[in-house]
Every structure is written in structure tokens, then in C-alpha cells.
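Chain lettering (A, B, C and D) follows the sequence in which the chains are written, and residue indices restart at 1 in each chain.
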Amino acid sequence: MSEAREYCGLFGVYGCEDAAERVYYGLYSLQHRGEESAGIASTDGKDIVSHKGMGLVNDVIKPQTLKSLKNPIAIGHVRYSTIGSSNLGNAQPLVVDYYKGKVAVAHNGQLTNAKKLREEFEANGSIFHTTSDTEVIVHLMAKPLHMMQKNLSLLLQQLRGSFSLLFLTPDEMVGVRDPHGFRPLALGRLNTGYVLASETCAMDQVGAEYLRDINPGEAVYINKEGIRSEYYCSPKHIKPAFCIFELVYFSRPDSKIYGESVHLFRKKLGAKLAAESPVDADVVISVPEGGNSAAIGYSHASGIPFDRGFIRNHYVGRTFILPEQDRRHRVVELKLNALKETVEGKRVIVIDDSIVRGTTSKSRFSLLRKAGAKEIHVRISCPPHRYPCYYGIDFQQKGELIAASHTVEEIRQFLHVESLSYLSVNGMMSCTTQPRQHFCNACFTSDYPTSIDEETKKLTEKKPVSAEKNI
Amino acid sequence: MSEAREYCGLFGVYGCEDAAERVYYGLYSLQHRGEESAGIASTDGKDIVSHKGMGLVNDVIKPQTLKSLKNPIAIGHVRYSTIGSSNLGNAQPLVVDYYKGKVAVAHNGQLTNAKKLREEFEANGSIFHTTSDTEVIVHLMAKPLHMMQKNLSLLLQQLRGSFSLLFLTPDEMVGVRDPHGFRPLALGRLNTGYVLASETCAMDQVGAEYLRDINPGEAVYINKEGIRSEYYCSPKHIKPAFCIFELVYFSRPDSKIYGESVHLFRKKLGAKLAAESPVDADVVISVPEGGNSAAIGYSHASGIPFDRGFIRNHYVGRTFILPEQDRRHRVVELKLNALKETVEGKRVIVIDDSIVRGTTSKSRFSLLRKAGAKEIHVRISCPPHRYPCYYGIDFQQKGELIAASHTVEEIRQFLHVESLSYLSVNGMMSCTTQPRQHFCNACFTSDYPTSIDEETKKLTEKKPVSAEKNI
Amino acid sequence: MSEAREYCGLFGVYGCEDAAERVYYGLYSLQHRGEESAGIASTDGKDIVSHKGMGLVNDVIKPQTLKSLKNPIAIGHVRYSTIGSSNLGNAQPLVVDYYKGKVAVAHNGQLTNAKKLREEFEANGSIFHTTSDTEVIVHLMAKPLHMMQKNLSLLLQQLRGSFSLLFLTPDEMVGVRDPHGFRPLALGRLNTGYVLASETCAMDQVGAEYLRDINPGEAVYINKEGIRSEYYCSPKHIKPAFCIFELVYFSRPDSKIYGESVHLFRKKLGAKLAAESPVDADVVISVPEGGNSAAIGYSHASGIPFDRGFIRNHYVGRTFILPEQDRRHRVVELKLNALKETVEGKRVIVIDDSIVRGTTSKSRFSLLRKAGAKEIHVRISCPPHRYPCYYGIDFQQKGELIAASHTVEEIRQFLHVESLSYLSVNGMMSCTTQPRQHFCNACFTSDYPTSIDEETKKLTEKKPVSAEKNI
Amino acid sequence: MSEAREYCGLFGVYGCEDAAERVYYGLYSLQHRGEESAGIASTDGKDIVSHKGMGLVNDVIKPQTLKSLKNPIAIGHVRYSTIGSSNLGNAQPLVVDYYKGKVAVAHNGQLTNAKKLREEFEANGSIFHTTSDTEVIVHLMAKPLHMMQKNLSLLLQQLRGSFSLLFLTPDEMVGVRDPHGFRPLALGRLNTGYVLASETCAMDQVGAEYLRDINPGEAVYINKEGIRSEYYCSPKHIKPAFCIFELVYFSRPDSKIYGESVHLFRKKLGAKLAAESPVDADVVISVPEGGNSAAIGYSHASGIPFDRGFIRNHYVGRTFILPEQDRRHRVVELKLNALKETVEGKRVIVIDDSIVRGTTSKSRFSLLRKAGAKEIHVRISCPPHRYPCYYGIDFQQKGELIAASHTVEEIRQFLHVESLSYLSVNGMMSCTTQPRQHFCNACFTSDYPTSIDEETKKLTEKKPVSAEKNI
């Protein structure tokens, strides 16, 4: 069963004295893309060695691990926590032996035809060790027909859905992006070598220079003969559908995603929000960290001063890693404290980047009320989330997204705030510098850029756990 | 040897169904005051049980620990990391048996006569298990003369230097502040019981209400007969000398310290800095987290817009816990990334709360330069640190405080920035709402409020490790 | 590469309220057959759950693990430590998904055609996750042709070499022994259910009753319809070649192996040794534990009194698990101490079950000399080991077996003892109650019961690590 | 409260390049004397460093620990597991600072006046960190009067009860035995240095040569001027009362205790038992390991052949370390398996060294019955234990020693065996080579060599846990 939604971070380095150490630091910068497991595979040109484990990069990769992985080519992966598929077997990179030797693969995305491919393989006698989509990819890779090819084109043409991929063989590193470019993947230069990264902030970390994004439908082969770009599908199949949610919510503000500065984009969201939903107030605050950039944009556009309204306890981990549901409320309080001096007696505009189930938001806004806020005006820097994602973002099942079943007014009442506005879809899309039809915004609009079969829909609806981000 | 500088956090709860759990959450909020060790002692009215360990509160105190500590009265302690004294034996609360039974003690501060007292005790046949000042206090407590007293006055009169203290016996919790009030200690109400905390942010955490500070020279006894306040020394010995550094740097912005809002105080520092050292620029940014409040104050006062110039990686721990010095630079880069979109081609004002050795600051400002900043104007929200603290703050040894041996111009050149200004002492002191003579600012001015013997000076100068804060 | 020699222990339980717990205790009794890794897989009739890990049964399987494995059918495995293949991926049972659902497999033995089969699979597009022979077996199992069969016969006919196997599917447990019966596998009854075990001592442990051995070439299918026996190959291919080394050395003395009591067999070896190599002496001692049974046999047959000559430190683990070679000598001394009171001034006969490299033996006999032994007469209860095993016992590479390159007289001189005798091959074989042609004694005689191809020979000679037993 | 009975092992090394490593190996040999905690303190002539922890020597002391302890003088300690006092604070050596500097102390025994001394100290203002007797000793040591002495005589004269002690100061190692010599302590030579050890087997381990026992009432001071012996009390107070239980039961068979070979002594016990309680039988077996030496003695004296009747699983730890009482029976079965081939249809004599509560013995003998033994004749190599020990052996509380409340015939019936005999007191005492009045055998006879006050009796009777040995 393709139960694992692969929301993840990728980082690869080719041609650097200690590629694995760079990958380690790169994954550190991408940790927000996956806290469940981490792994690195590297090669000396002959063999591939790897190390994977459950937990943060820092817990999994130790100095002695890096020593054993010291090689000039390496790829790494961090994986998102989703209960049910949370086991070491699903950690990546996946490293296997096949006819041509060893290969390591790391995947960010979700195949919509994984189940079908897996059933075909099993009917033909294949065995599966994991529940991850990625194992399907290596089975495809090992198909005699595919092995005869000089490149991965035939194999990649079999895949449907979203996939940014890194392949590592003893003599080559390959970076791939699906024909829609759902998930990001960027190319950079590091001295005389190259890096591939889900986000550019990881390039900054290791001192690499951003060159360009891998294009939708493109595979980039990096080996001792240099770098070679190939499109594995015909131009007519290439239809950009970049995930807008990366920009709105998930990526780090210091990254460039699809060539767009995340911080600037979010400031624009805030400014647009000020234009769409102005309100007379004394101060603009944000729910850290997600709302910070948009709040500054809102403040600059509205002229209402920005101040700190919440102080965050930096020792608190993400709430969803706690086992007991009844401790959740406790933890919310542990993370943020309201700043009475900023909000007491004031009309407060609070900027956040999302409301998922609403319970966390409600408890936070109630902290402001207790601290004496006279009026609370909530402004969300994107439209309401109403629809599931089939391309790798692990939302709540539909029933739990509060906006899927409630009007904005109902949500406002639930939150006990004076006003609540979301940014409009048009407002959001107007903040990009690229053609808006190049984006997938289906989670807000249900305009899915590919057809989704019933099987996949069912899988997604069964998902028991949330992706509520709480950086 | 009194080698351990006790810079720490205290939290106590009297009269609450599960006092230990509240103490746990309280310590969580005070974690920034000490990351080396944590401990809780609690009592059911008969016996005292305790648990201590090296590491963060979260690592030391587990659900099963809390279960074993479940009692209506509890005190807790977090301790600062200083290499050399880093061992479990020095963790607190210190729990011992003496003639009257068991007692637990937690201490924040530094006794200037600890060595002398210890030598006297040893000459009289006492043995010491730890190197901590706190053990001297329990030896004093167990002195036959002191045991005959109804209160702790006679014992407390023996102590010199800085001490905020919590005592726990099976039937009483006591909070004490030294006659100068060097370290903070506040009293709060929690339902029908009481809490004592180093900072008020910990009261917010557990839902307690701040009542007032414990006064210099005051001891507060809380038992089943209620709460009783006593001054253990004569009024002429009470000379407030509140540590200004708590406000400037160490406490959380959402705390009230000495009745003063830390966030507001720091905003005032920023505003004053704008008045004292204006500069024509495009944007004001801060070095997070320490510079955040002052940067907002600077921006509001100067009218120059505030924006995010650095993005922090929230997965990185404090740098000084890493064992290998040569990895330090690496870690600095791991923690902060410059936001090119904010600074490129701009004249940038950067607000920070301190420069200690200068190396970390230098590497951070160079990130701005690499990101394209045209001009970098550094503004520090306090005066240069030039003198050691003998009351519990663990600075660099004098030789390593860059301002102790360099002029501001020399530091500016070292940092490679266009301009550098520190806030003046007068500017800083003008931001308090209390008489400025009630503060100790000796680390900036060398006006020590007590006489310091040569022994203590020597000890402080030998200190090998820094207190560079990196929240 | 089939680098892992599978010397292991198997235990399976069908039809018992908590089969996994029984398997746990059974594996405990088989721990001497493999200390590297342990694992259990169990089924509730629908799904298969499993847990594996590096280390002793006790370290890998915890109470909470057993809780999660609580099911009426379970199989388990312990694996021998051989450096190079020592990783979690090779731990067993191997659990995979294939067309018919989940299956778990546990293997004791070594396939001589594993490399060939693997190459065929890879050429046809299969991928391999481990370096273990066992993965070849599950690939065979998943072959469409084999899946169409009602039983495993077609699959099992593909295997060459030694294999005792346990299969677990959600509705069936299967036990298999290769046509030569190289490795043991016995069937027992546990209340209304069945057990399968490498050694009968494990049946005693769980209160099961030994019924009979699985026969060479037999597969036993146990499911809700009862137990069904099938021979998967024609009688002409069934040629018993039971490993004599199990009896001589590896199995526990309280087991019945091939229907033979190990303790009685070893006592007979001792008696035969007394007949073949008598010597006038004062006392018979053994090198514990291996020499204990034979020493008693020698003493009874010779009339020379048996006494304790070595005392063993029971806290010492097996020596080969220590990482640093230079600590090896140290550890040998840690394990045994000579008993001066038994040997001082005496002519001592020492019985041991083997001499591998000779260095350990030498250091032990020198302890006797230091303790004052006047004469040391070493008697080994089997012939010299001269040849590699291709059926699953992991000896030294040939160059390191001292008897492979030295005469008995040379070994005696190396050991610095007065006399040294090995038991003759005829003597050894005469101690069995079965036809001697039913045994494989190739490690003593080089009479291999199957043809060994050059590939396999090379693999064996490359083996870097010893099987020196040090229970 | 002096709740901790100090049954322990001591090892000290003076004048050896890496004394701590030798101590580590020495403690390894003494592990049977204490499994709860282990610790080593060492000195370079200036400072004392130490490391202690809960668990086996091997778990507590790691290579890096030894590195940090590398010094020419070191002492070590292993401590027995007794629930209630099982905490790190009570681990030894106890290291404290006092007027003269640092001192480390390790103690084997039990002070009968610890409570009284502790109360005196507390009344005079002393504080206690632990519940161990040993802390009383260091308080005595630090008394001004005692510090003025050149030696420890005055201090040692204050102690009552049993105590073998090691003291370590930066320039001296001291070994002490109480005036009765209850617990053993031996002196050895190691190259140009000295060792002190509870048992001589530890000397064999490190290559040291046994010189002599420390005498009752003697203190041996070892420093750079050599070795100096002093008696700290007058001859009239010296009354040897060596614990016979060390010889019968607790010490390793390869040790010399009180100059007596433990193995030979136990063989004599067996021979005496054969003479006192002969029975017509087919085979003599032992309950390993405790009964092994005596069984050989019985066999030699009676002419009835010795054979192995039980096989022990060497992977099983001591049963009493398991937390859950209901798993106890399970574990007993895990440890021993009966050898059917030895006992089936036979009249079996079983030799053991003790019966404590009787339940473990009963379950073991039932294994023999299940294995087909026709008759079971139990012979215990000492008299029935009926009385508590006040000198450091931690028996059951009186109510749980089966022999304290049952006749031998009742015990026989409880065990379901054909016959049961204990060795007589006279028989046991006749096996020593020293005057029998030099021994304490009060646990068999209630002839206590010192007066025991009611307080101590009460303490002992409250002890909740058993000392049932299960090596």
C-alpha cells in the first residue's frame, strides 16, 4: 500500500572533498521539510555506503558517521513525520543492489500510480521490503528494458504524480523533476562541483551558488564528463504546476523557490492582505514564525506599527511529535507567551499563515485576550484550505480542515475574535512574478492539474494525521 | 573551591495538587537561564524526594519522573553550563539530611565569601561533596546555633554576595533575596497557593498571577499557616543593586524583572540608541533573538522601516555546547542565514544586544556583506562590557571581552563595518522607571556595589569559558 | 555478494496463546547459535508483524516488543556474528510483501548456488536490499511459476547447499530441511500446537515435547488443518550428510541432535580418547565449557579423577565481540583462571573440544603452567580441523586453522605442553549411533558430500573472521 | 538511616603505570561480590578523580573512563544490589573534600554503631548526602581531633561491627580490617607496587602475587616511603571472627580466603557430607556453580561417579535483578536445564551450597524429576541457615529463611525429594585448617561474636530483599 506521503527534503553534492559533510549541513537547513528520519548515501566511485535513522539530522548523523561516509559524491534526505508509515524501513535514501550494481534514490513527492505499478510488479514475481513509493522507482529502474537505456528517460516516463528525485550510482548523480514541477529542486555550483537542493537556503549553508531550478520534465546527469541536461518527455507533456503552498507556508523565508524569494513573496501577501482587508487598529503582530514576513508587509503597507505580540520558547519542539493528545493544549501554551505590554488595551491585527483545525489558533488568540487585547483582528495570508493535496503535502483529512466545512464567519465565531479575513485566491496569485497558470493551487481551489483516480482519493481521505506546521 | 558561578533559574510551587508538574513547566520557561542541568525536589509533608540530571529540563524530567515527584510542594532549578564544574554532583536542588530532617536548597547567584566559609567549616571537621556554593549554605543551616532559631535570619546574615534562594523542608517553602537584590525573585499566586520564580514568564506558563517581587533582604516563609514575610537584616544593610544585565540581555522579553517589562525596556533602549546614534539608512534589522525588541524601538523612533535581515535555523542548539572549538564557526553559519532580499544594495542598520569576543558578530556581519549590503551600521543596545561580574553572571575572563582592551573604533575595524555605536551608560540607565542608583551596572562602569576581595577577583579571572548567549 | 555465512538458530511456534513469548524463550536457549542479531515475526492470521535488532535476544526483544508481537503463530531467528555482514539489514526473519501478501523467512545454512541465482534474478530486473542468501529464497518464492504451486516443492528444488528453513505466512508455518540434512531441525508438540527448533534444548525451555527430526528433503506444513509432511525431492536426491561438528562442538550438551544426546556423544568422545591416547597422570580437567562432557567421559574411562582446573568468570561475554584485537589476550585471561590447588605439582590431562588458531589455547595452558602443573597433556575430543566448511560453519580461513598447516608435533611445541593428541576420525565416527556415512565430516577429512564450485571456495577463503567459540 | 548493608568487593593498586585499568580488571573478578554499582577513584599525587555508576563494572567503566582515570594509584569498589538503597548516591568509592584535601573511601561490611554516630554528627551540625555507613567514616575522618593524628588509629577505634576499608588520599593508599576480621582483605605485590583485594582471584587477574592477609585490627599504609603496618587497637580487642560464609558460599573457588583455598575447602565439605550422610545412588550431580566443588569432593569420597545433571544457560543474568516478581519462576527455568541422559531412571545425589527460601531449589529439583530421576537425594554442603547476619551479609529477613521456621523433614517434604541432609556445624568447622574459634558462624549457630543492640536487630529484620545467590 502506498501509505506514505513523501513530503521531504533533498540535498546532493557532486565533486567536493567531503560531500557527505556538506550534505549533512544542507539537510540541517532543510530540517523543516522532514523531522521523522534522515539519511545520507555517498560513493567513492566504486561502492555506495549509507546511513539512515529515525529522528533529526543531528540525532541520526554523528561525527563518526560522517567519517564513514567521507566521499566525493553524496545525496541526503529528510522525511516528514506521518504516523503509520513511521519506521526505519521507509527512511531514505533507499539503497539497493541491481544488475548494474548499487544505486541510491531519494524522493520528494507522491506518485499517483504507485499502487498500480506495485501490483504489476508483484504479479510478475517481485518482492517489496517497504511501503514507500520509492521502492517502486527502483523496481522500474531494474527492469531489463530500462537497464538497456543510456539514460533514465524510459523509466521516468512511467511515473505519474509529483516527484523530485535524486539518484546516486558509483559514478553519477542525477536530479529529476516531474513534468509539472510540483516540488522544487534547484541546481547550484560549489567550487568545481555541483549541488542539488530542495531549497536554496541549503546552498547558502554550504557556501554554494544558486544557478537555476531544474525544469519540469528535466533530468540533469552529473558525472566526471560534466553536467548534461535532458528532457525525458515531450514538450507537450510539460505543464508547470508549481505548488503555491511551498511559497505560502512550507519553505524557509531565506529560500528562493521557483526563482521567487519566499520572504518577498510573503511580504507581498501581507501588503495585499492590507489592501483587501484593512482595519483600523493600533498594532500589527504575527504568530511566529509563519506570520512574520507577511506581518511586516502588512505593517509597511498599512502604516500601522509592527511589534512583537508573542514570545516563543525556543526549547519547545514541534507539537505533533508528542505522543499524548491530551498534552497538546499544554504544549501550545508552552511554545508561545503573549506580550501584555504590546497588546493590553490595544486593537491588534494578528497575521498568521494558516488555520488548519482551528484549535491551536483559538488557544493562541485567547492568550492575547487574557493579556488584555481590546480587539483582535485576524488576517490569514492565504485563502482558506478546503481541498486535499494529492501531490505530496500531508494536510488533515478533509473533514478536519476547518475551512472545508465552515464559513469564514463560523470560523471567526469559533475563534472568538472581532474580525477574520483570508487573502483571496486572486490576491495570492497576484503576488507571484510568474504566470499564475504555472502554479497548482488546488488545495485552495480544487483545480487539480492532473486527473486523480478514486483509489488515490480514498487513500488521502484515510490519512489519520495532520501536517499542522508549528515551527 | 568555589569554582561554579551559579547563574541559574528558580521555580517553586506551594499548595497545588501536582506542584512538581507545574515546576516542570515553569523550568521550561526558564530554560534560557541554565541548560546544563535541571532538577526538582518535592515533598508530601513528610519526606522529600528529588530528581536531578545533566541536560535540558525535557531530557532530565520524564513523565515517570513527574509521577514519582507528585506532591503538593516542590521547588526546581536549572543551571548554567560552565565547563569545569559541569557534573551531576553540582546539579540542584541540593538535598541533604541534617538534624531536623531533610532539606532541599536551590540557589541563583554567587557568594563572595563562599571560600572563606568553606575553609572555616573544613577546619572544624566538615566534609564537602560538591564544589558548589550551595553546599556552604546547607552547612550553615545545620549549625547548632542556627538550628535553634525559628527562622533563617541568623544563617542568611552570614552570606555575602548575590543570592536568590529557595528552601524546601517537609512543611515549608522559603524564598530569599540578598540585601542588594542582585538576582530577581518574584512571588505569585496560583489558585489558593503560591509560586516563586526567577522570571514572571514562568508564572504565565503555569497560569499563576504575579503579585510582587521578593524585596532585597526579605525572606518569605510559606507554610500551612499562610505566608509570612521577614527581613533578616537591618534596613541599613539593604541597598538595592539590581543587575541591569538581566534587563538588557538575559531575561526573556515577556518577563517583568524588578517590576519592569523587559520588552518595553529594550524598545526604549532601541529608541534611545536611535536618538544617540542616528544614521541615514534604508532598513533596520536585528540579530535575532537578542536584538529584536531594541530593533523595533529603533525603527519606531527613527522612522526607518524594520525588516527581517537574518533567518534563524530553529533546530540549532546553543553553540557553546559543542565540544570542538574548530566547529564553532561552522555552527554560527548554521544558526543564521542572511536575507539577501532585505539587504542587497541597502544601507543597513543592525541592532544587537552585545558584542562579547567579537568573532561571532564579525562572522554574522560578513554574511550581510556577502548578501550584498552596501553599508552596515551596527548599533549595540548597551554600553561596551569592560569589567567582570562578581555576582553571578559568567562573562568571558577580562582578556577576552573585546571591549575591555579595544576602543570602539578598533572594534569597528575588526568587524569590517561602516559604523559602530554603543548606547551610553546614561542612555541605558534613563530607560528604567526606577532610581538608577538602585541598579548594579558594574560590568559597564566598574562601580561595584560591594567590596570584592582579591581572592574572588582571581577566581573570576581564571574562568575559562564564555557566557555568550545564543538563544 | 553472498558474503554472509548463515550460522544461526531457528525457533517457531504454531498454535499457542502467546507464541511470540515462547519464541523469545526458545531463542534464549539458542543464543549460543548466534549473538549478532535476533528477530521475531508473528501473525494473527491476517497480517505479519516483526521486530529485529542487533545484539542478544535480551537486548533486542523487550516486554513491550513482545506485547506488540502477541499472536498465536510466530517464528524467530538468532544470527551469528561475522564481521563485514554485520548489519541490521541482514537480520532475520526477513519479512517482505509479494503477490500473495506477506511472508517471513528464517534460514540456517549456506546456499552454494546463491550467487548464481542472484545474478539470474538481477539480470531479469530484480533488486536486492540485503547481502543475505535468504533474500534469494524469497525472490524464488515470488516467481510466478512458484506462486502457482500449492506447496513450496518447486522453489525448494532450486536450492543447493545447506538450508534449514522456517516460513511464516498469515495462515501457515512451514519447516524445511535440505536433502542432506546438513543443519538440524526438530519438530515438537506444545499442548495442542507445534514447535520447530534447531535444537531440542529450546523445546525443554518452553515446555514442549520433542517428537522427531524433520527429515532430509522434507517440508512440514502446519496450518489450521493440522500438520502435513511432504518430500519436495525424489528419494534418490536424499543423501544424509549431518554435520558432525554440531555434535562435537556447537550444540548445547542438553540437546538431542539427529536424535543423538550431545552430552552422551561427547562423553563417548572422551572415553574413546582415553582409549586411543592414554597417559599416566594425576588429574583430568577440562577447558570449560566445551571440554566438560568429554573430560567426564575420559575420567570415567581412565579412572583418573576429574577435578576443576579452570574457574570461569561468568560476567565475561564472548571474546570475539570486542572491537580491539589488542585487547583479545586480556580478555582470554579475564575469562578463565587456573586453580592452583588442583594442578600444582600434578601431571594434568586437559580436555578441550578444539584448537582453532592455537593462540587462545596456548595462553590458557600457560595459566596451568604458572599455577604449577608439572606435566600438561592436552587431549582434543575431535580430529584436527584442516578444511573449510561450505555448509554454514564459519571457520577461520584455511590459512589460520593451525592444523591446516602444522603437524600435531609442531602444534604441541607451539603450545609448550608435554603431550598433545587429537581423537582419530574413526574414533569420532564410532561414537555415533547412526551409520557413519550419514554424516558430513569434511572439515576433518575433506570428503565433501557435494561438489563445490571454485566461486564458493574463493568466497570461503576470503572470509576474514573466525568462528572460535568461547561460550 | 543506615539502611544499606554493605556487602561489596574492594580492589586497590599502588604504584603501577595504569593503576585504574588494573583496578578495572580486578573489579571484574570481584563482580560476584556486587552487581549494583561500581566505581573507581585514582590519584596522580595531587588531585583525586573518580567515576561511579549503577550497573556492572563493564557498563560503568568504559575505555574513555579509564583514560580519564589513568593514574599510578587507584581504588575501586563493587556494591551489592539491595532494593531501597539502590541509588547512585550510595555508590562508592565515596569521594569528599575535607580540611586536608580530597579523600576517597571504599567499604565492605556493616557498622553496628553507624546510626548512633550519625545522630551525634547531625546533632553537632553535620549534614549527610547519602544513607551509607561510609559517609559516617569520612565524617569521623574529618573530625579536628582525628585530623591532628598521624595515622587513622583514633578514627578506626570509633568503629564497631564489620569493616574492611580502603582509603585513598593523593599520596597514600590505606587498607584496614576490623578487629574481628569479619570480611577478608588481602595484600599482594604487583611488580614494584602493591595491591589490596577482597579476594585473591582478583590478584591472579592482574598478575599480582598474594603476600598475606591484612590482619584483624591492622591498618596498612602504603606511600612513597614504602609500606607500613600498624595495629590501631590493643591486642586484647583483637578477636578473629572470620565469616565462614565467605568460604562456604560467597567467594570464588579460585580465591584464597583467610589463607584457605576455597575450592579445597568446599571439596572437603563434600567429602565430609559423604561421610555424614551417605546414600546408595548411581550418580552425583551438582547445582552449578555453587555445588560444583563440593560435588566433586562427595564423588571422590563416596566413589559414586560425578556427572553433569544440569546445563546452565550462560546468557542469563542473575535472577534477582529482574523487576517483576512473577517472572522469577520463568527465569529459574531459563537458567538451568536438566540433563535427561544423566538422571533418567537413576538414583541421583544432588549437591548444592544452600537453600534460602526453598522455592528456587524446589523448581530445580522438579526439573530432575521431569527428566526421569528415580530418586533424588539432596545434600547441602553447610548447616541450615537460621539466623540473620549483622556483619554485612544480606540474607532474607528471618521469616523468609525456610530453615528458620521449618525442620529438615518439613523442608524435604516441601522439596518433594527422597532425602535431604545438611552438613553439621561440626562437620563444616572441621574442614578449616585454622582454629574453629577464629570463625563467625552465627548465621548457623546464633553465636554472635559481638553484642548486637536492639536497633540493629530491628533494622536487619526489616530488610525486604534476599541475598539468594544465583551465579
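Keep in mind that, in the parts below, a residue touches a chain if its C-beta (ideal position, glycine included) is under 8 Å from a C-beta of that chain, and two chains touch if they have at least 3 such contacts.
From a predicted model like this one, the values you see are computed outputs, not experimental measurements.
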Shared chain contacts [chain A and chain B, defined touch]: none
Furthest chain, CA centroid comparison against chain C: B
Distance between the centres, which are taken as Cα means, of chain D and chain A, whole angstrom: 62
Between chain C and chain D, centroid-to-centroid distance (C-alpha), Å: 38
Cα-centroid distance, chain A relative to chain C, in whole angstrom: 50
Junction residues of chain B - those touching two or more other chains: none
Graph class of chain-chain contacts, one of line, ring, star, complete, other: ring
Touch relationships between chains, expressed as pairs: A-B, A-C, B-D, C-D
Chain A contact footprint on chain C (complex, rising order): 96-99, 122-129, 131, 138-139, 141-144, 147
Chain A - residues contacting chain B, complex: 25, 28-29, 31-32, 56-58, 201, 204-205, 252-254, 261, 263-264, 289, 292-293, 296, 300, 305-308, 311, 313-316, 330, 333-334, 337-342, 471
